[in-house]
Every structure is written in C-alpha cells, then in structure tokens.
Amino acid sequence: MRALGREVSNWGRWGSDDERGTTNLITPERVAAAAGLIRTGEVFHLGIPLDGDGPQPGGLRINPIRLMSENGQEQVLPGGFKWADDYVFMPLQAGSQYDSLAHVHYDDQLYNGFAGDGVSVKGADKCGIHTQAGGIAGRGVLLDIAKARGVDWLEAGTAIGPAELDEVAAAQGVTVGAGDILLIRTGWRKKFLSDGDAAGFMAGEPGLSLNCATWLRERDVAVVGSDNWAVEVMPGENPGAAFELHMVLIRDMGLTLAEMLDFEDLSEACAADGRYDFFYAGPPLQFTRGIGSPVNPLAIR
Amino acid sequence: MRALGREVSNWGRWGSDDERGTTNLITPERVAAAAGLIRTGEVFHLGIPLDGDGPQPGGLRINPIRLMSENGQEQVLPGGFKWADDYVFMPLQAGSQYDSLAHVHYDDQLYNGFAGDGVSVKGADKCGIHTQAGGIAGRGVLLDIAKARGVDWLEAGTAIGPAELDEVAAAQGVTVGAGDILLIRTGWRKKFLSDGDAAGFMAGEPGLSLNCATWLRERDVAVVGSDNWAVEVMPGENPGAAFELHMVLIRDMGLTLAEMLDFEDLSEACAADGRYDFFYAGPPLQFTRGIGSPVNPLAIR
Amino acid sequence: MRALGREVSNWGRWGSDDERGTTNLITPERVAAAAGLIRTGEVFHLGIPLDGDGPQPGGLRINPIRLMSENGQEQVLPGGFKWADDYVFMPLQAGSQYDSLAHVHYDDQLYNGFAGDGVSVKGADKCGIHTQAGGIAGRGVLLDIAKARGVDWLEAGTAIGPAELDEVAAAQGVTVGAGDILLIRTGWRKKFLSDGDAAGFMAGEPGLSLNCATWLRERDVAVVGSDNWAVEVMPGENPGAAFELHMVLIRDMGLTLAEMLDFEDLSEACAADGRYDFFYAGPPLQFTRGIGSPVNPLAIR
Amino acid sequence: MRALGREVSNWGRWGSDDERGTTNLITPERVAAAAGLIRTGEVFHLGIPLDGDGPQPGGLRINPIRLMSENGQEQVLPGGFKWADDYVFMPLQAGSQYDSLAHVHYDDQLYNGFAGDGVSVKGADKCGIHTQAGGIAGRGVLLDIAKARGVDWLEAGTAIGPAELDEVAAAQGVTVGAGDILLIRTGWRKKFLSDGDAAGFMAGEPGLSLNCATWLRERDVAVVGSDNWAVEVMPGENPGAAFELHMVLIRDMGLTLAEMLDFEDLSEACAADGRYDFFYAGPPLQFTRGIGSPVNPLAIR
C-alpha cells in the first residue's frame, strides 16, 4: 500500500502549501465546458434524508437528532406572528458527506506532508473541509455498476476493479477524464432503501478495489462519490489491513471522497436516454477546520 | 399586512397540497436556459464560515459548536491507519441558510392553508425544508444596492423599496424575471466582516420594505437571498408589528428566503464585467421536517 | 386505571398550586430522623456510568455523547498551564434519572390538574424537574426482590405485587413508611451488566404490578426507585394499555420515580448485616422546566 | 508556584495509582461523624438553575441548551397516555460543577504524575470525574467572607488570604479540619443574581489567594467549593501567570474544586443560628473519563 501510495502521490503537485488536492483539477475551463451538459434542466439531488431513520446504527456515529427550539406554541408576538426554529446534533459524516483530506492519514503525515498531529481536539489545522468550500462543481459521470451487472445491488465484499470500470464506461458510452466528479453506483443505497437495515449497511459493502487508485490517478479524477459509506470494498482485500484505499486516495493522492449518496433516480434517468454525464454541483458546508461536511449534491442534466 | 398578503397570495396556485411555493417556478426549461449564463466557469461560494466566530450573539441561536470525536491520538489500527471525525451542534439557521415555508405563520395557518399547529415538537408536518431538497438551482441575479449607493453598507433600519430595485436593476443592465433567485446585497455582511460585532449584526439591519412583496410577486421571483439575517428592514416600518415581510413572503406567497449569505467576492466580479446574472446552485440539506437548513450556495459565471 | 387513579389521587393534598407531590412527605423531621441511619459512614453511589456503553439502544433515546472542547494540545498559556473541558449531548433520561411529574399525563391533565398542553416545546410550565431540586434526601429502604427470590434477576414481564413487597419487607426485617424513598431491586441492572444487551434491557422488564399503587399510597411512600427503566412491569398487565402504573403514580399520586439505578453493591452490603434502611441523598440537577434529570444518588449507611 | 506545588504535593500519598486525591480524606468514620451535624433536617441545595439565563456569556462555554424531543402533541397511544422527554447540550462545567483532577495540568503531568497527554480527544484516561462518583459526602463548613466583611459581595480582584480564613472561622465559631468540604462565600453569586451580567461574572472575581494552598494542605481539606467560577482570585496575583491556584490545588495537591455554587439561603440559615457546619452530599454524575460534572449539592443541617 505504501508503494502504491508513492506511485500515485500528488504531494507537491499544486505547491507545498496546497490543502485541496485533486479538486484543483476542476478548473474554470472545465466548469464552463461542463455547463454544456445541462440540456433538459432536470435536477436530481443526491443527498439522503437527514433524520432518525438514516443508516447509522449508533456507536461511532449516530443519525442526526433534530430538535425544535421554537414552534410558536408559547409565543405572543405583534401581529399574531408565529415562528419556528430547530437545532441539530449530528456527526458531520452521518449521511451524504464529503471527507476532508484531514479525515485519514498514516505514518504521521496527512496529504502533502502536513503533520498528522495537526489534527487536534480543535480539528484540522490543515486540509479542513472549509478549504473545499468553493470548489466542487463540474462534470459528473455516473458509472452504474449494479445496472451493468443486472443486479439490484452488489453483495458486501464484492470488489470493483479497473477493468470493470473501463467496461462499464464503454458500455455506457462515456469516458472518464481529468477534473471529473466520478460517481460509482453499487446499489448499496438501494439495499438500505429495501431493508432499512443500518447495521447491515455498515457491516460491509461492495466497492472499489485497491488497484483502482492507479486508474483514478491516470485519469486525474477530481472527486469520487459512491452510494456506499466508504467508496472502497469492505472487508478490504488484504486481511489485517483496513481502509487502504482511503489512505492512498485521501492521504497520497489528495482525492476528495463523497459517500452515502443516492443515485437511484439519476440512474433511471441516465439509463432512459443513455447519457451518463451531467453537471454536478455539490458544495460542502464551510465548517472551519471540519473533518467532513454533509452535502446534498445536485446532478443537472 | 393581511390585505397585502391576500393580494400577493399564491395559495392554491400549484394545487392544494403544494408544499414548495415559488420554487415551483424554477422549471426545467428555466434551469436549462440558466446554464447558458456559465461562461468563464468561475465559481463563487456564498456561504459564510461555520464556526464560533459567526454572527450569533447567543440567546435564541448560537454559533455552531463543532467538536471532535476522533483525531487518531488513541487509535491503534492495522497499517498505521489513523482517522478523525467530528460532530456539530447548531441551530439550522445559525449561518447562511434557507427558511422553510414552515418557518413563520399567522392566523393559525401556514402557506397554502396548512394548519399552524402542524408545526409541533417533531417539526413541520407540512412544508418542511426537505420538500425543497431538489429544487434550488437556476438563474441567479444580484442587485448590489450598497454598491449602487456608493457605500460599504446601508445602515440598520434603511428600507429598500421597489423603485430602488428597479433603478439598480436598470443601472446594472439586468432584468429580474420569473423563476429567478434574486440576491440583494445590502453590505450588512461587509459590516460584520469589518467589525465582527455579532450583537450589532443582529440588533437591526437594512433590508427590503414591505411593499417589495408586490414587486416580487409581479415578477414571479422564486427565491430571495440577502446578506443580512432577515431579508427585510429591521426595525420594520410599522411600529408594533414584527417581521411583516416574512409573513407575507413566506406564508402568503410561499417564497423561500435565503439569509446571511456573503456576496463580497461575487459583487466584485459582477462589477468588473458588468454582468449581474449567473447560474445559482444552492441545495438545502434534506432535514426531514426541518424548519431551516444551512447552505453554501454556488454562483457560477 | 382511571378508577384506581382517583382512589390514590393526591390532587389538592398540598394545595392547588403544588408541583412537587409526594416529595412533600419528606419533612425536615423525617430527614433528621433518617440521619440516625448513618452508622458506619459507608457511601454507595447508585448512578450508572454515563458513556457510550449505557443501556440505550438508540431510537427515542441515545447514550450520552461526551466530546472534548479542550485538551491542552494547542494551548500556549502563561506558566505552562494546560486545561481541558468537555461538552455532553444526552437525553436527560439516558441513564439513572428522575422523572419529573410533567413526564406523563392523560386526559389533558398533569398531576394536580395542571393543563397537559403546558408541556410545550419549551418544556414543562408546571411540575418541571427544577421544582424537586431541594427535596430528595431522607430515609431510603431497599426491597431486594431478586435476592429474596434467590435469582440473579427476574425475567421480563414478571410482575411484583403488593403481597411480595410485604413478604420481602418482613423477611428483611424492615418496614416501609411515610416519606420513604423506596428502592426496588429486580436484578435488571445485573442482567445488563452480565450481557450488555441494550436492546434486551429496553425490550421489557420485571417490575411493579398496577395494584402496587394502592400499597404505595397507603404507606405514603415519597419516591420509588428501581434498577429497571420504568419501575413497572413491561409488558404491562393489561393488553392494549401502556405505562398504566406510570400514569397513576406520576399523574394521580404525584409520586416521583427514579429509574435505571444500580443497587448491586448496596444489595451486598445490606445482605451482609441485614440492615435495609439507610440515608439517601439524591438531588436532581436543576434543569429549569426540565422533564427529567440525571442523578447519581448516594446511599449512606 | 512550582516550589509551592512541591511543598503541598500529595503525589504518592494514597499510592502511585491513586486518581482521587484529597477526597480520600473523606473516610467512613468522618462521614459517620458528620451525620451528627444533621439536626433540624433542613435541606439546602447549592446548585444554580441550568437554563439559558446562566452565567456563561458564550465563547468557550455556553449555557445549557435543553430541547424537547417529545411533548405528547403528536402521540396517539393506548389509554390516552402522553409522555414528554428532553435532551440537553451543555458544557459539563456550564454551571455548578466539580473539576476533575484531569481538568488542569502543567509540565506534562497531571496529579500524581500521570501523563498530560493522557487527556486526549477521548477524555481523561486518568483522574476522570467518574473516579469521584462515590465519594463526595461528609462534613461541610461555610466560611461566609462577604458577610464577615459586611458587604453583598467582594469586588473582582479581591484576594482572600489565609489570615482572613482564620479570622472568619474564629468569628463564626467553627474550625476547618481534615476531610472537610470547605465552602467559601464571596457573594459573587449574589452579584450575578442582582445584575444578571454574565460577561461581568466571568471577567474576573474575588477569590482565594495563592498562599491559601498551604493553609488548605495543613488542614487537609478534602474539597473546596465557592460561589465564584474559579475559586481563586481573578485576575491573579502574579501578572503573566494564569490560574496558579488551580494548578497547585488540582495538579499538586489533588484537591477537588466545586464552582458556581449558590450559598445564599444557606448563608442566611447559618447566620440565624450561628452554626456553620452541616452535612454535605454532592455526588458528581459518573461521566466516564469526564473532565467535569454538573452537581446540585445538598447541605443538610
């Protein structure tokens, strides 16, 4: 894994002080070109509902708890005015979300060589999610692996390798290129929608194999999003290791991951007219020094 | 105010069960047309930072409190893997945010006649912010009132009326039309960036006068966003009343408001080339039954 | 149940504006007399740990989530001073806790006839837990049902009736009297300590039968505490009903309940010397308008 | 300060693995003896209300935010049963509270030499507040400095030295001895009750001078509580230093501090009959690895 990490590394590519990694690949020119993918004006939102029925079984993360602070019941205001307000307590990665580049590291270094202990009780002094606040809009491409395999979802532990990515892209008639936001549909969201089993959702998942890192690096993909919770296959391919693709993609390549997205409606629309690229707009919230951010990305066709 | 409310009402316009109001005006055709406004591919994000230095002085709302649950310090995992995670506790309207149509009401009825007591301790049974999850992308127009007046910011209590909206639009060479997301720059964000005075930010504000409701209704504006915290002028024009424009826009017109946005960079870019319309993409998070949602909208030129 | 409620009612007994109910029975004279029960000075605390391994399976309530806001890592302060601080997010009834008299009601009325809709999004306008802040110290009596039956714990659904309360008291050589804080040990805490099964802990429980209400009323017990989560047997005795003893004790009698306590060490000490009464000191936190409060009561022998 | 710290140090006194410090001084014999101080049975609670009107001005700590999760409004349950429930988000030291011995340290070591970096994002691996869960009940002594000076409150920055402690004790006819819970009334709570000025409450305070450490060590006081927020005088006596008494008492002596208590009613009762000692029962909540805990101690006379 460390050798692979060195091979695909983007450290220094955008300067020694760069905190954004591959989202640098989303240049204004590419954004402008991607606008041409908007044709019918149909908008699909890729975020899952944020409520108590989400995929978190408890433990490390819980589902969002939203509570009302005002509902008008006790208010006596001029003009009969009533207002309502609410608070939320939630893990920033409870549902559809981005990982900041400070989310994982190894050997005491984050992406671009920043010190691992800069991730303190205060958050990330480098590579916080706020550094991505302005950047995540551009060309989106969906690779619908589940549909290509003709299944509702791939089973947990099923690895998706580079060859399959190429085959599905070819079958869909789409290419994956520099600065793209690549979305991988495994059907894992569909499974959760079918059975509502949060513990099962988190117990494992189908996902990318470790050697997809090279494939992603060769194509200069800017962001990878998935409908599972960790992009990569779980359990991983190497017994005794954990989250190896996370480490290589985030820490070595500086690639932003988006997880727990919902591609169900988008999948049908793409299949209907055979067009698998679109304009993607998914800004994270600007949590200063944050490790992650909830997001509700839009795919606009 | 009640007479004005009846005059501009959209109740029933999109059916008796409609919960979205004027965002229905953002049709696919209009989205597709708005894509043509993306020319250079420059992306501006309009959300303010979410941290302890935000504009909430405490009391009804606080600034977001983000706390770390993991930073790797105690972890002993295979492969030297370290991970970090964080939680947030925040009012959903602490910073840049949308009001759902359940945010305010009067005379026991919400937008479209839904019962006011449907806003319970559980949230909004009708018109929750999740109903807007898919819709808020389209043509954005900035009316830069502060720049037109040649000031850094308008003072608190300064009302902006329909005539001024027309004048500024004309001077900027832009028209405001059906389905637009209209952004009003008062400079109030610039004031906060200058003095960091949260109590002062909330004590009052420049903003729209009550009779702007008719102007917005005539043009069929879909969303109004502002860099202040309530869109409307505070203190309001009628002593003894409170938030009258909120009540008319949200409850009678069903118009979605966006507040506490930051137009500083966008303002400069628009001024530089004289182009005040752009593609706007600002999806709320999908908080089921939520009263509001934080948002970090993108303006893409 | 309603007939029983009327029979044991304490409405009006301490005045029409009383919000405290049976804790009024803990008079200074009784507190002073109870002090005589302190002999060896041994202190037992009856609260369970507040952390992520508690008995809440998620859903309506979660276990407490405590997060650090400071640990010193980034601090640079005079004199090398380092400080740490933490926040908690928790249901007030996540672990060992008191129910306020506003916790349950029926037929639109709380204890003493207060209006049910006074329990609003803001909390309890009457009978909030803060009204008990000064009162809960006095004579404690443990009835160790599990030990008397010779089992580690009674099974879920096992009802404990008045006759058994009398028998166990007699066997233990203790009487239950006016103003007492009565603690019922079912062994349900021991079960959780054995298996750590939160879902099982909450799925049902052994506990008091409905007709214990009369027994408690006749003796003028001030507080009932238990090592289960609802004092009463679950599932309840009447199919189609729910929490009937809660309703009669809290709403009709105005009796304060304490739940999810740990009597394991206290049980052993009482058995060792055959003395089952002691001084009890268990002040709730003073959450204004709160529905419940965590507590860590002391039993001092 | 470091010299003073060495002089009063209790490191090793109760073994090299002791995490409790001076609360070890509260032996069963002393608890039993203290029971004799209960005469009239009057109970005073020393905790302040936990709500939005507390003494936290925001910033590092906020006042507790309690929100309802259920109030019955939407419930349809058998038997007309309605229930209410609430959550809280709060700093564990927002109001009346104990400092754990992990709250402060210097020179990389906590009390008893435990490693400073054992206070991680997960909390305290040594000396967490849960280690005090069973111990804080015994003889309480109030030294009413404000009353002795004949003022409502001492001004911020006013230091209370050992001589004054002796004088007030003598005038009150009380002695301070081993294992005592010593309560110092400065009137600072009364000031807050008078003016409600949270920022003023936190901007400074009257309190103990640094050389009180020796006085406390000589008498083997077990706990010191105060009606201010840091026990010690603020600003401190040495320019350029901060919280020196905290460091010596907590880190070197292993002495537990209680802060933001309310002695107003107790003060009057003690003055009325000239008796300044009583039974004190103030168990912290058992937050595993917690840095602090809210508490509502009882003083029973």
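Letters A, B, C and D mark the chains as written, and numbering starts fresh at 1 in each.
The working rule: a contact is a pair of C-beta atoms (placed from the backbone, for glycine too) under 8 Å apart; a residue touches a chain by one contact, two chains touch by 3 or more.
Computed from a predicted structure; not experimentally measured.
When the C-beta contacts at A-C and at B-C are tallied, the pair with the greater total is A-C. Rounded to whole angstrom units, the spacing between the C-alpha centres of subunit A and subunit C is 45. Taking the mean of the C-alpha atoms as each chain's centre, subunit A and subunit B sit 26 Å apart.
Here the spacing of subunit B and subunit C, counted between their Cα centres, is 47 Å.
Multi-chain contact residues of subunit B (touching two or more other chains): 65, 68-71, 73, 87, 89, 117, 120-122.
Contact topology of the protein chains: fully connected, every pair of chains touching. Considering their complex, residues 65, 67-69, 87, 89, 120-121 of subunit A touch subunit D.
Subunit B meets subunit D in the complex at residues 52, 57-59, 62-63, 65, 68-71, 73-74, 89, 117, 120-122. Within the complex formed with subunit B, the residues of subunit A that make contact are 1, 27-36, 38-45, 47-51, 53, 60-61, 64, 66, 68-73, 77-93, 102-107, 116-117, 119-124, 130, 133-135, 137, 240-244, 246-247, 279, 281-292, 294-298, 300.
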